[in-house]
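Following are the structures in question.
Common to both upcoming complexes is chain A, partnered first by chain B, then by chain C.
Then we have the complex of A and B:
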């Protein structure tokens, strides 16, 4: 496989040609925040808007999950513009997220906590308003896991697994705009849907939205 | 028979038919959606009944929209021996008079006429008015003058001549002509159309597709609808030419289901074009085959974004994707696809017929051609206008639109709809083209232009447009889904007098971040109305926050309606009847006053108060009512 030379934050790396920058950087041990990225997806979602970087010669920050590496690419993962965008995107996600980490079964294994640690971002709202004014009902209808939409960050990882790996097709994105959420057809409880309760979706949830019941007890 | 022989045979038949029509009196009633809303169908019936009654040998046709919205319903009467005259607004009485006086007798009723269509010694033409001097109609030229339901009307005006010419050219030569004309996409961003076609032409993959984006969704914009309803063949011809240039065999017209008349007229136009051999297999006897499918969208604003539009046609939810890849290389069903706006495609036949040099001679160097605007809001001459690029906003508002209604003060123009911005008086001399508008923070958008006067609150305008984009966000990406909601909450608070100066900083920061960070153009442009109003009208924001005052007296939470006793009359009580909540009472001295706690600020009393009194006024900041007996209020109900 042919390789290209790229520079990330002053360090030179050889990475596979044709790869997306996010995966190349992660393989080199450079952390870039990300939630929705999925290596197996032909076309990246680019929906979480956390993986911004600046590339020399580009006039604005770009999402690294959509940007292919090229020979001589010079990348900066931390610039004032990148940090500002990542901070705002992160705060926006927090503004619609149930923020009681101590009570969350995913505490210490949560991707949001990791981003907060890596980028030194506070895990509480200081600037923005809480948008989660009324909590949505938790779906605990299955025997195996619970689904708490108040913790969901809409990364779509569970939906990908459901559609493309286990090929069940029980869940998808429903509604539009601010009301968009992961749900079943007709928004019925998971146990009433075609969900097989295989639990594969739970394993890929980066936050505490899908959690095995044994963990909640 | 060659392509051009075949075309000339079709055209000759059409010309003969139209010449015969011209021998008789010809009545054209504008029955596009705009005309229908003003009662054009009734007027049409009146003309038909009256003509029957007088046993007149006249031809009465339905046509589209001429763009003079303020004068709807519009009627054009062409009677041999007289200049063709345009009348409006025509009510039932006027219609009867026109039949009896003009069609039966020979009195052209100049009193009711707006203008003549061609120069004559009797009556001024549209070109004699300031609007006509500035306007330069290309794609609107035939709108309202030809019957959109009869292809022969279009053919007789050199319709499909460009197609016949193109079919004898090399496909790439067509692209070169469009590139040389520097035609830019009229959907909003102004991307060079020829470059888009070239990329698609060079892209590998088969079949290729062309799509006409007729998913017009901006509040207050109606350009595409008017063109579809008034001259559908112009668009279809442009679409066939685009298809030939990139060698596509299937095209789609993605039109909103909320435009039923446009859909009906398009359907009819497509089937007539098929009958004439202008669509379908071996068009005009050439090797080129192409057909069009009408796809009706369900009204999601975001489906005007090209990647979302493609997904919608594919049967998936209308959610945008990251670009690149652009549709030109990977579009519908993963195949190379050209997507052009209705107006962009409508220019194409004109450019091919008259040449790229002709097109470049109109407008500015980097934005050649004309701009079509839906002129709306507080302007006298509302309507659909087409002016050369480079026309200033001042000319558009004051000359084309005849100035502000009711002698009020001009405040701003909102240009480009929810993706555009509000430009203040200091921008009046800004020439309108793609680049200068973008520099000023607005956007050409699809062409909505709303004129705002002193009674419009800029904070409320920003809130209105953001409310629209927030509701129309698909919700896929973080910035648009949650960022616009945050901004809307802040703006709502400010219009209710609950904002803080810190909120303004957050609003500015969020707006900049959403603009830079969003996935698609909907999110990237959604903050524009907020950013421009913050830039040009910050004092209004500050008045709301610091003084609890809405300078334009528009934000309901910040105003109080009162009746000035000195102006009120003892002899009048119309306001009492107009009030839906019985908030107005008669004082012992017989003058009227308003119970502030009952008033719902519906504005009825202000409208009802006769102009000789004008006793009802709005004040801001609102009057805080002194509480007297309200503590015990409600007890009586128990």
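Then we have the complex of A and C:
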């Protein structure tokens, strides 16, 4: 496989040609925040808006999960504009996130916490006010895991695994706007759906939305 | 828009749904891009998107049912419950929202014991939210069937529903009397 030379934050790297910048950077040990990115997806969702970088010659910051590497690419992962965009996206995610980390089964294994640590972003709202809507109901109908929509970041990793890896087709995104969540056909509890409770979706959840029951006890 | 507690289908309704859906499916290919045109046509013919129809579409296009449900719950255009005999549309446009449109919606929800987007089990009323019906000076506005109700208060909500109740009782009375005469 041919390689191209790129520069990230002043460091030179050799990365496989045709690869998306996000994965190239991660492989080189450069951390870029990301939630919705999935290497196996043909077309990146680019919906979490966390993986912004600036590239020399580009007018505006771009999402690194959609940008292919090219020879002589010069990337900056931290600029004022990038930080501003990532901070806003991160705060928007927190604005409807149940934030009591101490009580969350995924405490210390959570991607949001990792992003907060890496980018020195506070795990609380400063500019925004929390979204004042009722908490969505937790689905604990299965024997194996629970789904808490109030901790969901809508990254779609669980749905992708359900559709493309285990090929069950039990879950998908339902509703729109503030009501959007992961759900089943007819919004019935998971145990009543065609879900096989294989637990593969739980393994890919980056936050505490899908958690094995044994962890919650 | 909870599909979970969907209304019971009436006798013969399932057969009609299946027949109509099959007919619509025949006129379309099986590509994913056909999904929205298909469910639009089903709604046009049946007035709503019944669960069995969505399952049938999913099978025909070879996609999980939840993907059909996902699209149907995303667009406001699609309704998952049959339209009631009387359709109540509560305006939630900017003016009506400011004048307490949500209070009117709450009153209807409580009185009819259904949520927005649902239909009463007897199929008398269906409740919907709409965005601006074009007479903001009359806010908050409710459109009942085709009639515009201006400056609606929770008391007026009771009034509207009472009118229908009386109307229904009179009709039943007439029918009974008509039956007795024969």
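Just so we're on the same page, the second predicted complex is superposed on the first by the 216 of 217 C-alpha atoms of A that agree within 3 Å, B and C clash if a C-alpha of one lies under 4 Å from a C-alpha of the other, contacts with A are read in each partner's own complex, and residues count from 1 in each chain.
In the analysis below, a contact is a pair of C-beta atoms (placed from the backbone, for glycine too) under 8 Å apart; a residue touches a chain by one contact, two chains touch by 3 or more.
Since the model is a prediction, treat every value here as computed from it, not as a measurement.
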| item | value |
| --- | --- |
| Contacts of A:161 with chain B and chain C, given as first, second, both or neither | neither |
| Partner chain(s) touched by A:93 [first = chain B, second = chain C, both, neither] | first |
| Partner chain(s) touched by A:61 [first = chain B, second = chain C, both, neither] | first |
| Chain B versus chain C as contact partner of A:188, first or second or both or neither | second |
| Chain A: partner with more touched residues, chain B or chain C | B |
| Which superposed partner A:52 touches (first chain B, second chain C, both, neither) | first |
| Partner chain(s) touched by A:146 [first = chain B, second = chain C, both, neither] | neither |
| Which superposed partner A:170 touches (first chain B, second chain C, both, neither) | second |
| Shared chain A contacts, counted only where both chain B and chain C touch the same residue | 173, 175-176 |
| Complex interface listing, chain B residues touching chain A | 300, 317, 319, 321-322, 470-479, 481-483, 485-486, 489-490, 506, 509-510, 513, 516-519 |
| Chain C-touching residues of chain A, taken from the complex the two chains share | 163, 168-176, 183-188, 193 |
| In the complex with chain B, residue positions of chain A that touch it | 43-50, 52, 60-61, 63, 66, 81, 84-85, 88-89, 92-93, 95-96, 127-129, 131, 154, 173, 175-180 |
| Partner chain A, residues of chain C touching it in the complex | 1-4, 6, 51, 54-55, 63-70, 73-76 |
